[in-house]
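Order of writing sets the labels: A, B and C. Residues in every chain begin at 1.
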Amino acid sequence: MSLTTAHSVVAPSSNAKLIAGTIIIAYALISIVPLLWIFATSFKTPPDSIAYPPKIVFQPSIEGYCNLFTTRTRQTPEYINSLGPATGVCDATVRKRNMVIAGPSNFLPRFVNSLIIAFGSTFCAVFLGTLSAYGFSRFKVPLADDLLFFILSTRFMPPIAVAIPIYLMYREIGLSDTALGMILLYTAVNVSLAVWLLKGFIDEIPREYEEAAMIDGYTRLQAFWRTVLPQATTGIAATAIFCLIFAWNEYAFAALLTSGTAQTAPPFIPTIIGEGGQDWPAVAAGTTIFLVPILVFTILLRKQLLRGITFGAVRK
Amino acid sequence: MSTIQPVRRKSPWPAWARRGLMENIATAIIAIGFLMLFQPIALSLYTYSFITMLTGTVMFIIVSKFPE
Amino acid sequence: MLNRTADNVARATPEPLAKKIRGISDKGLAWLFISPTILLLLAINIFPLFWAIYLSFTNYRANRPNDVVKNLGFANYKRILGDQDIWIAMQTTAHFVFWTILLQTVIGFTLAWLIDRKFRGHAFWTTIILVPMMLSPAVVGNFWRFLYEPQIGLFSYVVSFVTGIPPTNVQMLSNVEMAPWAIIIVDTWMWTPYVMLICLAGLRSIPEYIYEAAEVDRASNWRQFWSITLPMALPFIMLAVLFRGIENFKMFDMVNLLTGGGPGSTTEVASITLKRQAFESWRTGYSSAFAIILFVAVFGLANIYVKALNKVKQR
């Protein structure tokens, strides 16, 4: 690492660095444009969003967010004039389009479902994963390699192929369209990642800590609680964020196995429609709200990202 | 998944049945199965792609138990 | 400080439970820790899998649960493996998998190689590039429909601006020729960072002294790239290619939202066909057999992937 100084024979020349930097920055900027466009569209009015040529400069409006959280009905201007003064910003905005707010939309409950299912399944997956990872890391388990492969292989199953029997099974035992059913399913998918990632993290904690604790008279379980868990906090947090992102983003299971009460945000957002087609500012608003937590997590995770996407195999 | 245990014999394990070589053969069979599944040339190749992939996969699981 | 937190934890553990577990041997503890995970996977993954295997031999239909279930033997498998339409769906999948992997590997490796030049601020720009792969393919894929809209969509506008094609004629999703490329573009945009990140790890795993030795031997930059950089990064590239191959072979969410398999069935990849058979035509037995075929294919690749994973781990 210290070899990449000006004296190193293999250090890239400053010219090469300049060209490389320019290309990378250009790629980064282009690849981020769709995301910036989502963000911009969420603050456009519906006419602005479908203007030709596409508008880069526009008058920002919160109409998209208003439409996202409400359902509206069209009324005659006479009726709207007969109402009292508008009760809020959204009310005033939709009245300009000859509409009145009829009630809240389904977005908030779907968003809450996403939160419940993502956090619930993450907690279960990390809990089970930590125990199993410790078991595989510290004890001689017969057929350990086969069990670990079995655990990982469940993650590769095509979601639609799993969904067919799960659909029948959940229908039999009454878990169709319930948050509990989705939590169980996402836990099963995530636990494989959790075991593999956490095994890597726990392998890195020296055994001497536990052995010292056990010489002090702690049992194995106490040693696990007192020395291993505090040491593994970073690993557990990183694993939890990975599980959270998967459960948050998941679409196939959610679309096939939930339809109403337990539906999460990803299958809901594409169904947001206005008069005469998709209400793009509202879709963009929902997408923005949905993506912001992931952006924050990505920045928090950037040092662990490589580990997460290779199931803990590549650490640097 | 498989019940085959690593065989511990006194006599040396035959050189051709080492894990590395046999795993590569199994990998090749799986790859051939995929080519058969994906090719646009003959329907009959597609028909037999599944059994090829299944053979390769089962073989892979078995030979991964062989000694190095 | 460590001890204090530890004492708190110990006090929080209920006495009788702690006493009960105290007597457990290491072996018992190992199974106590591992078995909940195994049991959950057996219940949610393996039991349904065996159920699907059973159903694949029958004519069961999920929308008519009271019909008499007939045993068909291997008839479902024979039908799928002789079906022209499913074969075409496989070729659609192949086209999608081949091009996405080729583009992602070439672009991803190039980006990684450039980032490895270690210019100023490369860490920041790397993080920016990584953002798309963390997002929900469904939610972002859905938004790409808007970018692809003829005339009003940003993508169509830029394409028509650059190429001079009238903006109403840039129809990515409704054009039979262009629709397969529309999904390839979105997938490449989304997952190139993934390949890049793994390639970057591969490039950084090459020890500096090998290049220095090559430099002493006066090997040209070109030769160094082909005889050092590429071979040594190859296990990492393979890892990325295999993982993307598995993921794109079973691709569902993004394609379902972008085109839903259309126009006609030009973008109907295997998972879309499976979903149509299972959840629209309700041919549960037939689609279970198809699911098992896809599962065997993925399982074969997963074996190779884990082998590649172990190869990289030894580095």
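Throughout what follows, a residue touches a chain if its C-beta (ideal position, glycine included) is under 8 Å from a C-beta of that chain, and two chains touch if they have at least 3 such contacts.
Only a predicted model underlies this, so the values are computations on that prediction, with no experimental measurement involved.
A.B. asks: Measuring between Cα centroids, what's the chain most distant from subunit B?
C.D. replies: Of all the other chains, the one whose centre lies farthest from subunit B is A.
A.B. asks: When A-C is set beside B-C, which has more C-beta pairs in contact?
C.D. replies: A-C
A.B. asks: Could you put a whole-Å number on the gap between the CA centroids of subunit A and subunit B?
C.D. replies: 37
A.B. asks: Could you work out how far the Cα centre of subunit A sits from that of subunit C, in whole Å?
C.D. replies: About 16 Å, centre to centre.
A.B. asks: Roughly how far is subunit B from subunit C, going centre to centre by Cα mean, in whole Å?
C.D. replies: Those two chain centres are 23 Å apart.
A.B. asks: Which residues belonging to subunit C are in contact with no fewer than two other chains?
C.D. replies: Residues 299, 301.
A.B. asks: Can you list every residue of subunit A that touches 2 or more other chains, as numbers and ranges?
C.D. replies: Answer for subunit A, listing residues that touch two or more other chains: 149-150.
A.B. asks: Can you list the subunit C residues touching subunit A in their complex?
C.D. replies: Going through subunit C, the ones touching subunit A are 2-3, 5-6, 9-10, 13, 18, 21-22, 24, 26-27, 29-34, 36-38, 40-41, 43-49, 51-52, 55, 62, 111, 114-115, 117-122, 125-132, 134-140, 142-147, 149, 151-154, 157, 167, 189, 192-194, 197-198, 201, 204-205, 208, 211-212, 215, 236, 239, 243, 246, 249-250, 252-253, 256-257, 271, 274-275, 278-279, 284, 287-288, 291-292, 294-295, 298-299, 301-302, 305-306, 309-310, 312-313.
A.B. asks: Okay, in this complex, where on subunit C does subunit B touch?
C.D. replies: 77, 81-82, 84, 87, 90-91, 93-94, 97-98, 293, 296-297, 299-301, 303-304, 307
A.B. asks: Where on subunit B is subunit C touching in the complex?
C.D. replies: Within the complex, subunit B contacts subunit C at residues 23, 26-27, 30, 33-34, 37-40, 43, 46-50, 53-54, 56-57, 60-61, 64.
A.B. asks: Inside the complex, what are the residues of subunit A that reach subunit C?
C.D. replies: 3-4, 8-10, 12, 16-18, 20-21, 23-25, 27-28, 31-35, 37-38, 41, 49-54, 128-129, 131-132, 134-136, 138-141, 147, 149-154, 156-169, 171, 184-185, 187-188, 191-192, 195, 219-222, 225-227, 229-230, 245, 248-252, 255-256, 265-267, 269-270, 278, 280, 283-284, 287, 290-291, 294-295, 297-299, 302, 305-306, 309-311, 313-314, 316
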